[in-house]
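To keep things simple, chains are lettered A, B, C and D as they appear, and every chain counts its residues starting from 1.
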């Protein structure tokens, strides 16, 4: 049993880490923002935390908090101008942000070590820490979802105009969610930085961002379980296809395309979209009714 | 001065391939409102098919280019059949198409690795094209001129087709509004096929051109150019064909000049930084139409 | 990318070792896992190999970035690791269970530079390297230090990114600066294209190009053609290295796989034999510590790359060779 | 009578087309005011300018004596101006109760701390909002449908749900954009009764429609829009007698 745990320990860690990232992405997707800034926030979080712990001797939790706050601040600054942009332009502008962060990381050698990366990073992130952050992230999203905020967000995802006419401040709302997404991604970055002894600028590029977007989309944006389910499937699946690099990519690509074609609302919609909605509604009503 | 002119030549020949690639990318967006992230994979397959014609079948280049054109066009149409068409029918959110096309691209890259190998390969040298002229220390290769010519020719043909032919009118009507098009008796489905075919065919030829020009064909070439294509369409305005042509040339020159006169280490940051600044100043791209015109 | 040749060479070595019954009744079983050049997946693999498959030795990983993430796991578990394609500085500093048969750039490059200085009159240099590639960035820093040590002025340092195929802007700038020597921190494919485009832009034969160890591949000649002539690199090995052992290796490899091995394949082949030799000396397979000590004690092992010993810091001690690209292959530069 | 909402010289162009040109109007307090005009006369543009979706090129809007020109939609809503949409815009994947609950959004006090720590205030507010909305639904005979998804409702019921949602905002002024569009005679009659009841609850109403009959039956005063300009305004009977209106508008009808 112990051996099994040791053999798959990193896999379990990665499932939790990717799930946290998936909830960060979900916060933006669920408000109709296709943000590709995730890679940039992860990178920012990882470098901030590793820099503070290794070069300034800060304890891990302080470094992680600083990383999360730094990413939040950047999200706020970035969101102010970018959230005015229409859907695809917003997506591409956030992608540009992620790429600029990567280039900066490649050149800012005193902090990031450039392409050489940073090695011999102390391993502070263990399964327990990841589990705690994962649970907190899920709770955060759950609490938001089951509150007036969640109702406002679901409404504006559906149609922004009537939501605004009912008094929902769309811009502030999106900015707050974008900042919250930055916070979670920054925190996840800090955890990733201290997970595998080494980080480099290419760890958090376009590919990482796209995978992160795929988790909640594969799992289902309409459900709170979607992001975690998508992240878990996406993380475990390649382990079964260890035999060949290229076949793995082909099978992964084909399975993903098939999955979204059959279940465009994500894996969590498997039992039929209507059924899950009824269940959610029942949950919501009980929640409100039970004092 | 010599260096400046040499850099301009470098920039234009690089930019021409960007432009041919980006035109299809922006067309699919303009007509069908889709971001097709598998456009880079078509580009890469086009380059390999062209190469296979030349190297394995021994065909002349003049036949390899049309072969790549047709093959890539059909491959691109397969995206519509496999991904975008069914998703449109299911009224799925457009992100799903975006992510699904990325998955498709990854699969196609892996398939190319299996078939063609992971290493970089090259087109055989064509004697006729390997010459160059030198004017005041600036070298312009025959190949660069030919490629620039092909690029301009393709762009001109596309512009003519869009403006003057029935199919072009159909494409422009669907771009204006799919509902209006259906009322006018235009099949959105067939127009989507035509758009994907043209877009893919141009990307495939761009792949051959880039492979010829820079002596390198690899399974990963599509990923690099996709990022460039995204930059180009923002420079030119999403959905604008003339914008993509100008934007492509512009990006080529910007890249070369940022290497030449700023720093090669920040070349990509300058490209993306520019995207950023442009979007902040003009939220629909440098040459983009206003929103009312697109809606 | 470079993993396949290593996998081939290792499998060939294992079959030979088992057939020759070099280890008596002990049979070597190889488990190959593809790391997909992905950090998290490599860590997964290391954990599984160590805890589930309970391997005695790990050969790999394919890229230095992966080793930095995964090797600490093996170090903590006390499983010896021998890398055969990591040339970045600092790999063996991870711990006393980490070895490599691939000589790092700082052992190879000074020899190349010294040769170039002897043969040509070089005073001014330009550097061109892949800024987002750990291996190439590492090579760049070593080249820079060596150039400074030799008192050669570096006029300019230019960079490119992974996936770039157009180097003309950088080369135009370099041409205008007029260096005597251009030092490349680039993989084989990139080096080939740089050489090709440099000649296209009219950078003449009077400018010498020096490259990194990772540029050694038959690909260089396929892509660059005659433009590769005169290109100088440092290596532990080249296919035509005339030792009988190497000639036998290359012949067997060509027979089995249909093409010549690359330098990483050669280094991987030797790594496999070093492990076998260590196990033979220990005489049992259930003691990783003893195997580690036996590997560390390797002195004057005769492999296909020549004589190899491990230093106190577990780096390979080999005779560096300066190679020159000439007529479609690398030949000793003299 | 004091004007609750008034506009002065409102002008709006769209890519060369003039939708509104120097339009002025007044909505008195406590009454039903109608704006009529043929399709394309600028009615919906006016509605969107009042609610902050569009910004007028020229002109000013005053609400309760305060200049509200150019405020964003949520600020307009916060002032007590609620609206319905011409092409009903309910959230079709939610239940009727959930739709109406969104109307209480502005009256929430619970902050992020209440939400994240699930403090009692959050539940108290949620309970209060829910009973308020259920009451509202009961008053408009929709209570039995509270848990139904919007998707299953009849057209007339959807209209009513949208109006109830707007009322949940507790507005002082309710803007109705062609509420009778697509309704049959019975539904129209029922709607007219509903609108009167709302007025009786001291909520002022601005009704925009091209349906002459509906407007004439309900409104206390009427303004006629034609090609973005005011053609006439006055009591319904005055408008009906106005020759210019008859020519421009009624002439088209007959």
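The working rule: a residue touches a chain if its C-beta (ideal position, glycine included) is under 8 Å from a C-beta of that chain, and two chains touch if they have at least 3 such contacts.
Quick caveat, the model's predicted, so the values are computed rather than measured.
Contacts with subunit B and subunit D are shared by A.
Of all chains, the one whose CA centroid is most distant from that of subunit D is C. Interface comparison, A-B versus A-C: the higher number of contacting C-beta pairs is recorded for A-B.
Chain A has the C-alpha centroid lying closest to the overall centroid of all protein C-alpha atoms shown. Distance from the subunit A centre to the subunit B centre is 31 Å, each centre being the mean of its Cα atoms. With centres taken as mean Cα positions, subunit C sits 36 Å from subunit B. Work out the mean CA point of subunit C and of subunit D, and you get 74 Å between them.
Residues of subunit B in contact with two or more other chains: 265, 268.
Counting only residues that touch two or more partner chains, subunit D has none.
Subunit A has residues 106-107, 245, 248 in contact with two or more other chains.
Subunit C meets subunit A in the complex at residues 33-34, 36, 39-41, 43-45, 47-48, 50-52, 65, 68-70, 72, 88, 90, 93-94, 130-134, 136-138, 141. On the side of subunit B, the complex with subunit C involves touching residues 2-3, 6-7, 10-11, 14, 118-122, 125, 132, 134, 139, 141, 210, 213-216, 218, 220-221, 223-224, 255-256, 259-260, 264-265, 267-268. The touching residues of subunit A, when paired with subunit D in their complex, are 140, 143-144, 147-149, 151-152, 154-155, 158-159, 161-171, 277, 281, 284-285, 288, 291. Those residues of subunit B that touch subunit A in the complex are listed here as 29, 35, 82-83, 86-87, 90, 92-93, 95-96, 98-100, 102-111, 113-114, 227, 230-231, 234, 238, 265-266, 268-269, 272-273, 275-276, 279-280, 283-285, 291.
Partner subunit C is touched in their complex by these residues of subunit A: 3-4, 6-11, 14, 102, 106-107, 114-117, 119-120, 123, 196-198, 200-203, 238-239, 242-245, 248.
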